[in-house]
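Below, chain A partners chain B and then partners chain C, in two separate complexes.
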Partner chain A sequence: MVSDTTVPPRKQGYRVLIARLLSEPAFTVIGLLVVYTLAVTAAVPGFLGAGTLSAIFISLLPLLIAVIGQSFVMIVAGIDLSVTATMGLTSVIAGSVMTANGGYLADSALAVPVGIFCFLFFGALVGLFNGLCVAFIRMPPFIVTLATMMFVSGAAVLYSSWHTTSVSIGGLPSGFTRIGYGTIGPIAFALILTVLVVVAADFGLRRTTWGRWLFAIGNNPTAALISGVPVRAVQVSAYTLCGTCAGLSAMIYSARLETGTPVLSQNLLLDIIGSAVIGGVSLFGGRGSVLAAFLGVLLLTVIDKGMQFIGLTLFVVLSVKGAIILLAAVLDALRLRYAEGKS
Partner chain B sequence: MNRREFTKAALLGAVAAGLPIASFAQGSRTIAVMFDSLQSPFWISSFDAFKAEIAERGWTMLENISNLDDSRQFQQVQSMIERGVDGIVIVQTDANAVIPAIRAANAAGIPMVHYNRPPAESDAKSVAVQADNRTIMRDTVTALVEEAKKQGGKYKAALLIGDLGDQNAIARRDGFFDVVDQNTDTVEVVARIATEWNADVAFAGLTNALQANPDINFLVTSSDFLHPQIEQALKVAGKWHKRGEEGHVLFAGFDGDEGGYARLADGYLDAVGVQNVFFEVDLTLNALQDMWDGKEVDDLLLDPGFVITPYNFEEKRDEMWGYLVWKSQNG
Partner chain C sequence: MDAKAVPLFECSGINKSFSGTQVLFDVGFAIKAGEFLGVIGENGSGKSTTMNIIGGILRPDSGEMRLNGDAYVPTQPNDAMEAGIGFIHQELNIFGNMSVADNMMIGRYPRRWEKLPFINHRAKRLATAEALKRVGLDVSPDAPCWSLAPGERQLLEIAKVVSQNPRMIIFDEPTTSLTEPECRRLFEVIADLQAQGIGIVYISHVLSDVQRLSDRIVVLRDGHAVKSTATRDLTRDGIVEAMVGRPVSQLYPDVPPLGERRPVIEVQGLTQPRVLKDVSFSIAAGEVLGVAGLMGSGRSELARILFGLDPHDGTGTISYEGAPFDPSPRDCVSKRMAFLTEDRRHEGLLLTQSLTTNLELVHLSGAGSGAHVPVDRKQQVSNAEDVAHRLRIKARDLVRLPAKSLSGGNQQKVVLGKWLVDAPRLFILDEPTRGIDVGAKEEIYRVIAELAGQGLAVMLISSELEELAGLSHRIMVMSRGMNVGVFERQDGGFDRAAIMARATAADVEAA
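Let's look at the complex of A and B:
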């Protein structure tokens, strides 16, 4: 009561605004999106055209899948730095199976299904390894996944070099590349795949016990354990799903490039983690949603697209994206402090 | 200023900031110049040459750098197509991964020219401008082997190989072996160092090779941008000596950048295979012009390049782009 009467009304208004911004980062993201889009449209009028908007939407799909996977891990207060290396590894393994240039199943009807299986299986395998190390050996996620990143990216280049004289594997079958470009009726196949992932992830996070366990572990793993949550198993499941999502994302990227490459999306790690943080998935765990992941991915993709349209130099692009991700991380830390202050 | 006024001012500022860009893009032809990186003097000089030549022709240039990311470059190509550019000049990272981008440009009817790096074979239509890497490297290594034979003795060779996702790196490697395989009585290859076009990787690889084979006395790099790392590694190994001094390592480079020129002039380098940046830039833009004019253009346009050695140094250096860069930097 005392504090309410001593704070001037104008100052209270700012506090309410700050509290709202911190508790609902979606408002900040949407505001930034509107301002940025208006600014770019002023510079390049064609930016708001249907073709561009559709291209933005289609291009963000594989990134969204990878970010959703990363969100599972971040909600349990972990982090997976190996996702892009996993994407490279799955890309070359699947590529080596499917390629018409001497692939293991070249020209076989099984090539595409087995290739797809490779993306998912080897993605899950790397995720499972990370999860086991974090949950059972109690290794810090940062170190485990950093080491996995180094090992897996090296292994991917080595594996690729056994199968081709160059680094990348081309000649992927059209049945596979259709995943990147093809449509079922008027709807892009990649969109259908992504919507399935989005719906399943959202359902899993919001409507299942497993989802509640993830948030409980992220907020307080000790309290979750005492409450009967199978903490280790849930952590392993989060990392395994993250790896699987990385494989799925790699599948769409590889199909679009018609190439299996060990350096697939190797510079995408900051975009993946940054998108999640921008949308409001907390680096400190216990907070996140599929909508948050989507908003973060949408903002970064629109920013990228806008700067591509204007034709700005790479250094400007990197600086702007880095500044926005930094701002989001600062807001995340402030949000935690605000929440702690309230409790 | 209240919050509403601030918001209005911010929006107006953002719009005003965009206006110069909008008006700048009103040229007769708009070209997207899309490099994968600017990580070596060759690419920086090429990029600058494009800027200058495009301005000279009265066209407008939009630049995009993909930071060695194939997926990002594909998205950038799509953006440029949506932007309605008249032509695309591209330096891709990966010869296979660029094929969907060519297809997208084909579908939009926008001509695409690959600068200095050809794509992998496919049904997609584009033009590539490329140095004749294999021949230039072959001639360069031939000059080095002739020098070795002139001096006499047996030589232990190290080759710094580029990123094998790059067709140029493969051609340069093959050009090297075309010559040394015919001269095994003079040269034995003891180290093949994969640099992935990364200076740190090259330095570590060469340092390890020199420790494992301290008798290396014949060195070829697939790109001049690695010279600083090579110099450092040779200095650490006590092998950085000028021509005519005892312990001089026979050393050849490729590209013809300002570092290559300076080391050749100073006597540390014995041969450089030179790509002609200005010729290749002209060839690229002329190809675009020809395609707009409906003329037939060959799929591959070659820059024959040349080799510069201490013996033709005075005669050839004016054709070396690195010399012109060096001269502009050093007066």
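Let's look at the complex of A and C:
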């Protein structure tokens, strides 16, 4: 206490192990992934086949994009509950533009580009609104985005009801639906898109000043402000990017479903936030990476598909996923305790 | 006062270690009924640890404590209160959302019926009113606590302790958030408690208070009780020397000579309603301007306005390097203004992040740096190494070790260091040595003098007049949001009595 060279207190035995495991959630996730895959394969030998795994991989891509967006927000110690609602809204707006059944730009060459623009633009718009409320009015992110979620999902249903008598907008042009499962050469188009997002996000987070600012704000917003970080602008940027990612994700989902629908991703919210937490993006801010988002999405998707493969009912799958997300949140809280030395 | 042979409270041979580091060595002292015992020492000298042991918050590794001759072994804070030892913590434990009476009686509400959990609100109010009267606090038991002034909160806390009939009360830095009249009120209450035979243990950094009020003084240094003497046998220099462990004149480096006067910042008639009133001053390159004043005199508020952290919508102008300037933190950083705030943990550091991350933060927000700019990690690490070397930051690993693992002194050097990466032109230092040990203090003093020698303008805010006198070229005294006088260094020193008198004068007039 008196001497100047303070050495961190040495932890012993199992505490070291716990601390290590906690500080690197990636190890835990990879370990669980291997154990789980082997267990499912033991029960149903076909699971480890190349066909199943690549199907799983292709299916998780849009989820990964949404989780990356969510991670930006979580790193600045926020949360965005409105992402799935945003996805529904962008889906019906873009659908109403592109659909052959009386769309604004039906059969026009501009339909697909404008449709894609709608996904990104309206996604960003909702994110921007969330960000402005959080950064400038200083509202708690939970309340802002919860309210936005309700408003936007209601608006999405209302909007689609103006354009169609059924719930969803069908008749999307094939140029658009190709985004879902189409390929460029041997490579899935959705994969290329996702890789671009992953590379850009990873570069942004780890290599740019903006990335450092995100982490600094999530860790200590006051210290960041005094150090000259444009705190508000960076917060707004995180929410806006989260909304944009949601729009991008909705684009792939809509293309796969070949419809624009307000209930596009109704049950995905917990998957999105849960994946991020499982991978190690902290609910308390200041921690996270694209790798974490990826590992979280991978584990959650593999577990989901694995249980479906075994033939378990949806309710069992839901409970197990819930349990895993809960466990991850507990680990996250423990990690904070160890990191802050409050154990 | 020395009526009884058995002291009211006595402890001896107290040892305490935290994770292998011993922080208390054979500490012992005694206090008689009605006695005022001052406990002083640098931060980290073991004062708080000792008091936390007496208060039952920590347990000693060895040693014994006696209360009226009986063994006293508290295992939790409640044991201390039940034995008759009250503890007024520096951080007040007041619930602002509840009433005065609720704060007073929480944990021991009177019940309407013995066995049933219904609060007897009448009894609660009566007991509260009674306790408030004992400390002369004139507020309603029903008043919400957020409406109390800091001094009233302090008295409420005392009333809470007094109502439980203590034999001894420990005060930990009770005056830090009080105004001058509030302090005098507090001292009256304490004198009254003494007269009732209650022993007072009083921890404070304000040596003049301790010297004036105490019967005896215990000085702690590096976990040893190095002195326990009747106050009348001690001189001020003697006390300081006992605290620091060497004569004080060596603590401060030579003040670098001032060349031609080139103002870096000029403030004209700065006024912010209820905060500042017509403040004017300037700081030249290479000059250290000390800012003295009591708590609440507007010193920190001035600094926060200059850095754009608090709004300035009143009148007055700020000009920086010859151009008018409307500050915002981001502008300030890009114009090479630096600000070390008084709250290192909450406003200075990213505690769980590495030193490199902490040290690069200002640089990454500095002139010409935008969000898209890629971070050159090698450059950041080498910048961090440079600064760590310059400031002698003692850390084994700049890249992986989190800032919280450092001692207070080294943490403060990290906050200082993050501003030095980009060679600032004006450095505002608000209480730069609060809560750090003497060794680190001396090094920070050396850095301040060195930076001034290189032409940096420094605004040094401190509650320790000694520190200001040791480092400044001029000292501006603030009181009630006003600049009430500027003192020049003469014959290598300042007239400290005059400065102190000026700082307290306005308050006395107003009271």
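In this text, the second predicted complex is superposed on the first by the 330 of 343 C-alpha atoms of A that agree within 3 Å, B and C clash if a C-alpha of one lies under 4 Å from a C-alpha of the other, contacts with A are read in each partner's own complex, and residues count from 1 in each chain.
Just so we're on the same page, a contact is a pair of C-beta atoms (placed from the backbone, for glycine too) under 8 Å apart; a residue touches a chain by one contact, two chains touch by 3 or more.
Given the structure is predicted, the values throughout are model-derived calculations rather than measurements.
Asker: State whether A:L314 touches chain B only (first), chain C only (second), both chains, or neither.
Answerer: Only chain B; A:L314 stays clear of chain C.
Asker: With the two complexes superposed on chain A, say which partner A:V40 touches: chain B (first), chain C (second), both, or neither.
Answerer: first
Asker: Would you sort A:L257 into first (chain B), second (chain C), both or neither based on which partner it touches?
Answerer: In the superposition, A:L257 contacts chain B only.
Asker: Give one of first, second, both or neither to describe whether A:R335 is in contact with chain B, with chain C, with both, or with none.
Answerer: neither
Asker: Which partner does A:H163 contact after superposing on A: first (chain B), second (chain C), both, neither?
Answerer: neither
Asker: Does the superposition put A:W210 against chain B (first), chain C (second), both, or neither?
Answerer: Only chain C is touched by A:W210; chain B is not.
Asker: Using the touch criterion from the header, give the chain among chain B and chain C with more contacted residues in chain A.
Answerer: B
Asker: Along chain C, where are the residues that touch chain A in the complex?
Answerer: Residues 18-21, 23, 44-46, 222-223, 307, 309, 329-330, 332-334, 339, 341, 346-353, 357, 360-362, 364-366, 369-375, 394, 396, 401-402, 404-407, 409-410, 418, 437, 439-440 of chain C touch chain A in their complex.
Asker: Taking the touch rule as given, give the residues of chain A at its contact with chain B in the complex, in rising order.
Answerer: Interface residues on the chain A side: 35, 38-40, 42-46, 49, 51-52, 55, 59, 161, 165-171, 180-181, 253, 256-259, 261, 263-268, 304-305, 308-314, 318.
Asker: Sort out for me which residues of chain A touch chain C in the complex.
Answerer: For this pair, the touching residues of chain A are 1-10, 207-213, 215-216, 219-220, 222-230, 234, 237, 286, 339-341.
Asker: Touching residues of chain B toward chain A in the complex: what are they?
Answerer: 10-11, 14-15, 17-19, 21-22, 25, 32, 38, 61-72, 74-76, 78-80, 82-84, 93-97, 99-100, 120, 122, 163-167, 170
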